Each structure stands twice: as C-alpha cells, then as structure tokens.
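Mind having a look at this structure? Questions to follow.
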Amino acid sequence: MTTREDILARIRGHIDASGVSPRPTEPVAVRTLGNVTQDDLVEEFAQQLEGVAGCCHRVGTLDEAVTVLAKIIAESGEGMLARSSETRVIDLVEQAAGAWEVATEQSPREVLLDCAIGVTTASWGIAEHGTIVMPSGDADLDRERTRLVALLPLVHVAILRASDLVGTISEAIARVSSHGVGDRPLPPTVTFATGPSRTADIQQELVLGVHGPHAQHVILLTAE
Amino acid sequence: MSGSGSIHHLKSREFSTLYPSALENVELRGALAFGTKLVSNRRDNTVAAVDDWQDLRDRASAIKADVMSNLDHYLETFEQQAQAVGTHVHWASTPAEARSIITGIAQQHGASLAVKSKSMVSEEIGLNEALEQSGVRPVETDLGEWIVQIANETPSHIVAPALHRSREDVRELFARVLQRPMPEDAEGLTEVARLELRQAFADADIGISGANFLVAETGSFLVLENEGNIRMTTSLPRVHIALVGIEKVLPRLSDLDVFLRLIGRSGTGQKLTSYQTLVTGPRRRADDDGPDEIHVVLLDNSRSSLLGNAVTAQTLGCIRCGACLNTCPVYRQIGGHAYGSVYPGPIGAILTPQLAGLHEASQLPFASSLCGACRDVCPVKIDIPEVLLHLRARSVEEGPSARDAVTNKKIRQQGGGFRMWSWAMRSPWRYRMAGRVARTMAWLAIRVPLVGRCAGPLRGWTAGRSLPSPPRRSFRSEMARRRSERRS
Amino acid sequence: MNVAFFASCLIDQFRPDVGLAAVDVLERCGCTVIFDERQTCCGQPAFNSGHHAEARDVCQRAIHLLHEQVVQQGCEAIVCPSGSCAAMLHHAAGLLQGDDADMAASVASHVHELGSFLVDVLDRTDVEADWSGRVTWHDACHGLRDLGIRDQPRLLLNKVRGLELVEATTCDRCCGFGGTFSVSMPGISLAMADEKLDELEGLGVDAVVSGDVSCLMQLEGRLRDRGSSIRGLHLAEILASRGAGS
C-alpha cells in the first residue's frame, strides 16, 4: 500500500470503529446585509476601513481621483511608484505622478521592492470589513497583475468602483466562486486585504506596517 | 488506540519540573498576565458585538463534525481538485515522511534559502532542523516566530509565539544577535525586523507555510495573517510548499465565511485579520506573478487515530485560534513552555498526548481545574474538559504503560485512596466513620504542625492555605437533632 | 412542595452550617425538605480524577436513592447547595449504563442548584433575608458553565436587606480548587486563587459569596493565609440570615 492509501484506510477504519455515521451539512444561503443601498455600502465600507487604520477616499470620477492620488504622492516625498497595467490605473498615474519615476508590474523585483507607492485596482470591496479583494492571474478575466504591486511598496493605493462593493465576506466568496464554475478553476490567488499590514508580536503593542504595506488607501469611485 | 505519532523536542514528561520554575519566573508571569488578559478582553468585547455568535459556533461545529465523519472522502476530493489546478499533493504518515518530502522538493530545486511563515505543524515535525541538515537555511518571517527563532527557543503560544517576552527582552535579543544598538520602541524594533527579512524574501528559493483551511470543493488552501509575510512567502519564491494536517479540510468554499467570522475574533479580537490569501494552484500565465510550483503535504502523524472515538475526534476540529490559551487560568500562570510541547494550553493538553502517546504527556490532562473556560470560548465548541476527563480515565484504565513516572505514582496513590473512598461511600455507616476520621485529621492538622506537614495528600492543601477548624458535628447529625427536637 | 435535599459530602462533613442554612431558606419558602440520611457522595472526586470504576459505584448509589425519593416519597425537586455536585448529578447518565443511565436522566431532570431553584422554580428573588455588609459574588465554574447560573444568585443577593453587592472583574475566573488538582499542583492552584484575591482585597468587601463550598474552602483558606479579614460565605448563609450581618 502507498502512504496515501494507508492513511485513507486508517481514517476509514477509525471512523467505522467509532460508529459515527456521516453527518453531512448542507450549504447555507449567501449571507447579506439585508436591504441596503449602494450609499449604505459606501458608508459602511469607509467606516470599517478607517476603523482599521486604512484611508477611504470617496470621489465621483477618475478626474477627482487624480487629485487624491497626487496628494498621496506629494505626502510621500520623493521616490518611485509602481503601477499595474489596467487602463484606469495607467491614466491616473500618468496624470498624478509628477516628478516620480514610474515602474510597472513588469519591472524587475528589485525595482518593485524599492517602490514607495503601488497603484492597482481592486475587483471587489467588502463593506462589513472595509476589505478589498484582488484576484490574480485569472486567465479569462485578463486582469492586470496586482500581486506584487499591491504588496511590496510601503503604500498601496487601490482603485475601486462603488458598484463593485458587496455587503459581506460571504457575498465576496460567492463572487469569487462564480469565477470557478464548471471546468474553470478559481484564480490562482485571491487576496483579501483589510487595512495596512500590522503586528502585535512585541509585547502586544500594535505596530502598523510590517512586511506588507504600511498604509492602505482605497479610492472609491462613486459615479462609475 | 491513539498516540503513535511524535512531536519534535517533546518535553512534556518534564512538566512537573517545568511548571514550578515557570511559576518562579517573575518576568515571565508579568508578560503572561499582561498579554493574555489584553487579548482575551479584546476577544470578549469583539465577540459580544456579534448577535449570532452561538449560531456561528453551532454551524462551525456541525461542519467540523461533517468533515470528521467523512474525512477520507473530503481528502480525496481535495486531492482531485488540487491536482486538477496543478497543485502537487503529497501524503505523509509520519513526521519523518513529511520532512523527507519537503527536503526532497528543496533539493530537487537546488534550494539554499527557504522563507517560512508561522506553521505549528512545521514545529510539530521539527522541519527547520531537517532543512538545515539538508543544506537549506530556513528563515521564519512572522515577527514573533522570527524572534523565537533567533533566540533559539520554541514558540510559547500558538498564535503569539513570543508572548512570553517583554519589549525590553526583544530589544536586548536583537542587539545581541544583530550586534548593533537597537531602538527602544516596538515600532523601531519591528522596522529592524522588516528590513532584515526583506532580503530573505527577495533571495528565497522556496516558500513554506501552513494552511488554516483546505477547501475540498475547489482544491484551494487559505492562509490568514496580519503582517503580510504570508503574502510574501506565497508570492515571491518560485516554489511553494504548504504543510497541513489532514484535519484542516472543509467541504465548500462558502464554509469559509463561517470560519473567517469566528477565527479573527477568537484569536486576536479582530473582526477579520488583515489578510486572507486563497491559493488555488500555481500561476497559470507566463506573465503572472506567483510560484511555478505548489505542493501541499498532508500530514497524519496519528491524527487519524483520534477519529476512533466521538469524544477524541472533537480535538481535530481545532482551528488553532489560541482563545483557549488566553482564557485558561493555568496557561495564564505558567505559560506555554512549561507544557513541554509545541501545543500548549488546553488544546495542547488534549492534543499532545493524543498525537505523541499518553505515556509521553500523561501529566498534561491532569494540569487543569476543569473550570471549562476553554469550552466557553472555543469557536468550534470543542468540549475540552470532556476530552481531558476521557484522557484521565484512560491513564487510569490503561495502566503504567500509558503514563510517565510522575503520573504513575500519583495514580497509584490516588487509586488506593479512591478504592477505600468508594468502599466507604457505599455505606452510610462507613461514610459517617470516614467523615469523623477526616474531620479529626483536619482538626489535628491545624493544631499539630507535624501532622499538617506530613499528612500525605493533605500537605499539598495545607501549604499556602489555612484550614478552618472543622465542625464537631456533621450536617446529618444536626438534622437528626432537629428532627427529634421538632418531634418532642 | 416536597423537596429532596442533596447535601453533598463536603457540606455534610465540613460546613454543616451551610446545609442547615439552605434547609432554613427552603422551609421559609414553603418547601418541605426531606433529607435521606442514607446519602453520601455523588462520586465526582473519583470521576474527575479518572477513576471511573470507583466513581460509578458511588454515583449509582446516589442516583438510586434520589430516584427513590422522587418516585416513592413524591419529591418534586432535588435541591443541592452546590453547583458542582448538581452538575455531576446532571452528567451521571454518561457515566452509568443501561437502566441506571435512564434512571440518572430522570433524576437529572429534577436536580436544581439552590439559587437556581429559588429563582427559576419557585420564582422567588426576595427570601426576606437581612444581612448588612458589602459582598462580591464568585461564579463557581460548574454552576456557571455547566448549569448556566449567573443571574439567579445576583437577583437573590440584590434583594437582601442591608447588603451591597459589588462586582469583581475576575468574578467568573476559576478559584483554582479543581478537586485533587489543588493538592497535586498546589503552586498553580494557589496562583490562580491569588489572581482573584488581589482584586478582591482592593474592593473593600466583607465577604466573598459563592454557591460552592469547595471554592469557598480554597478562597477562605488562602485569604486566611494571606492574613485577610475577608470571609468566605455560601449563598445559603446570607439568604438564611435574618439580621446578623458582617
């Protein structure tokens, strides 16, 4: 017997010996926040994100987003910015980057590791937690590469459409799931990010920014 | 029945000497009291804000029961789905098998540096030593775990590995190991660690993590964290290995909602930890980021034997949130190292003897007042006191082969006592006599110091507690007197 | 109402005053209290230590006697002034087998801890007690976590004339007794007690009140050793009081 068969046989043998019969559970319905409007979702998302030390910037259109991004960049002094290759992101960065050198997701890792700011989109937002959801490498979606740009720089700026907000993590999982129906697998990685990276490993003191971004900005486009 | 596995560097047989020295360690107890109180208060507050908390626990417990009643099926489904998305699935019965699978993968890729994110299973099998022996340098990247690694010790808590260390402690450690002056504050120290570890992330050939959940339906695994080191570990190196206990599988992707709502709140008092990374196979497009190769190593190490009994099978539902440690009055006094196992606290006291064998950790199930605080906080409703009682009974029933020297002595002594006790309790007359003897002994113990000091089991009672004078007459004789007074 | 009284061996032998106080309170509330002198112990000490064979014999005996009281003496309830022993009687069905287990289940449905009996069954919170002083409540673990007793004693204490109830943040933390645990690992047991007592001594209370004599022995024994003047009192002692006070 191979180890695999060995283990499976042991498991079956012990379950049979215990006399426990199968106790199947049924899937439950997707959990929602009830009857909420998009404005409610925006409000809740912003509040939750701020609650975990993230920054939510509500803007109408992409033009207003330029101002916000320019301000974030100005506040960060000088440095290099990394961006993904999504059209809106390219547009936005072009207008807001000013004197900053711009790297793309194609740049070598050493360059990305040196970037102070990373700009990407987020596919969905979860209102109940202020979470952004970023799938990567989904061949069918042909999205931009967000994985390293959203992770390596000290500051991450995510562009999110208010219409992509869902209420709960359960709804977000359902959205992720709908990308994996039939023969189509889920994207290789789906990242759920809620605020900046944090630790309390030294005497339970909260420190923001360890390995992931120190600051998490979300520019929420309410009119798109 | 259970417990033919092993746990790396297990020292639980030394519990009787480890815990007294922990009790004497003033600094340790300060750090423990501070850390456990803070986290458990945070947990209580966050949990209180969830209306359907009990329903959530019921649901989680039902899903885990579902999994355990059909584990082989779910593992096979997981394997099939994982393979379909290009993940390699390996099976290991023993820690040795798991170690050689992992070092084999590392060697095959000519790896010399591995970045690791905190994994209790990796501690359980002693993976770091095995990697070193095969020429791969393992670097722990979770801040707490890194502190513990450079201090050359083991974690003292399953969620907060360095809970036993104060900030000053950490500062001294960093200064000594890195040979330069260190900042005073936690923020500065964290920054030092971040910069030290960045290079490791950039250079690493493989990434190694555990997994909080495997999803059978989709062949995915989910890891959750706060620091971002797991995102780095799963994104940067070309090869990723997830080492996971076979009990970690869930039926459906949608089940994650229940567990994610429970685990952050229970573990750290956060509604949700900062990051959850759901991994479903290696990168699929040439121009995408992420590992080319993903391996999942499924470890049994005696876990399957726990399925043989409905009471012990509960143990496998544990999602390692750490809540039971933080609330446990025993853990709060002695900390994690005293348990001598990578799994300390209430969950450790039931898991350690069941994995490594009762004889290896027979004192642990007795190291509890059975207060039940752990059961109350457990997000998956594991009845830890019930399992403790079950293991105590097995220690007694299975005889000396199922216990270490300390437990053996204790059970032999108590066994004689309880046989006499049982005999006395089965007759009102013998009971009255025994009661009179006990009261006389107590009376003597107070008045004659020598009796107090030498009176066998009483000694443990009289040291540190002052007995009240026992009553002359028992309740039953007072009642008899009342009755005759009323009659007359 | 006819009530079978299960005293518990600890109260019987070491705190008879608590047992008598409990009987007084029950009688004051209109109950006819029947104490069967053949009763001894519920079996818990051996059960919790893993000595199930010995525990089973003792427990079975207790169940038989209590069952007889219910069936033959028409007792509608079994009241025990100890959450811990009441919890053991609740769980006895799991230890026993066959008919005994059935009998245990039927007994369990009649068993009540004293405070919970007064509030939940008799619907009484005011038992006309009078005791002046400042006290804090210690939630004994088995009463609290096995039987869900939290509000009942507080409701009762709040109706006692002259009594002031203050809450401790450590009210529901274990006192460290744990049966043989307190003897075999005294260091941990005492450290657990001290964590509570450190707070209690700062509260300025005259007494710590609980529903379990075992906890009280632990806490009082430790208080005395620390030279504290705080007393350990059972709920029944306060409820029985008609004006003695601290």
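Letters A, B and C name the chains as they come in the text, with residue numbers starting at 1 for each one.
Definition applied: contacts are C-beta pairs under 8 Å (C-beta built on N, C-alpha and C of every residue); 3 or more make two chains touch, one makes a residue touch a chain.
Please read all numbers here as calculations on a predicted model, not as lab measurements.
*Asks:* Classify the inter-chain contact topology: is it line, ring, star, complete, or other?
*Replies:* line
*Asks:* Most central chain by CA mean?
*Replies:* The chain sitting closest to the overall C-alpha centre is B.
*Asks:* Using mean C-alpha positions as chain centres, tell me how far chain A is from chain B in Å, no decimals.
*Replies:* 31
*Asks:* Go ahead and note the Å separation of the Cα centroids belonging to chain A and chain C.
*Replies:* Centre separation, chain A to chain C: 53 Å.
*Asks:* Could you list which residues of chain B touch at least two other chains?
*Replies:* none
*Asks:* Give the list of chain B residues in touch with chain C in this complex.
*Replies:* Residues in contact with chain C: 19-20, 23, 33, 329-330, 332-334, 366-373, 375-376, 389, 391-397, 410-411, 414-415, 418-419, 421-422, 424-426, 428, 431, 435, 438-439, 442, 457-458, 460-461, 463-468, 470-471, 473-476, 478-480, 482.
*Asks:* Using the touch definition up top, name the residues of chain A that touch chain B in the complex.
*Replies:* 2-4, 6-8, 10-12, 14-15, 17-25, 27-28, 30-31, 52, 105-106, 109-110, 113, 129, 131, 136-137, 139, 145, 147-148, 151, 168-170, 173-174, 176-177, 180, 185-205, 207, 209-213
*Asks:* For chain C, which residues count as touching chain B in their complex?
*Replies:* 7, 9, 11-17, 19-20, 23, 35, 37-41, 43, 45-52, 54-55, 57-58, 61, 141-142, 145-146, 172-174, 176-192, 195, 217-218, 220-222, 224-225
*Asks:* Help me check something: in the complex, which residues belonging to chain B touch chain A?
*Replies:* 31, 34-35, 38-39, 59, 62-63, 65-66, 68-72, 75-76, 84-85, 91-93, 97, 141-144, 147, 160-163, 165-167, 170, 186-187, 189-190, 193-194, 197-198, 201-202, 218-220, 226-229, 231-232, 234-236, 246, 251-257, 260-261, 268, 271-285, 287-290, 298, 300, 304-310, 313
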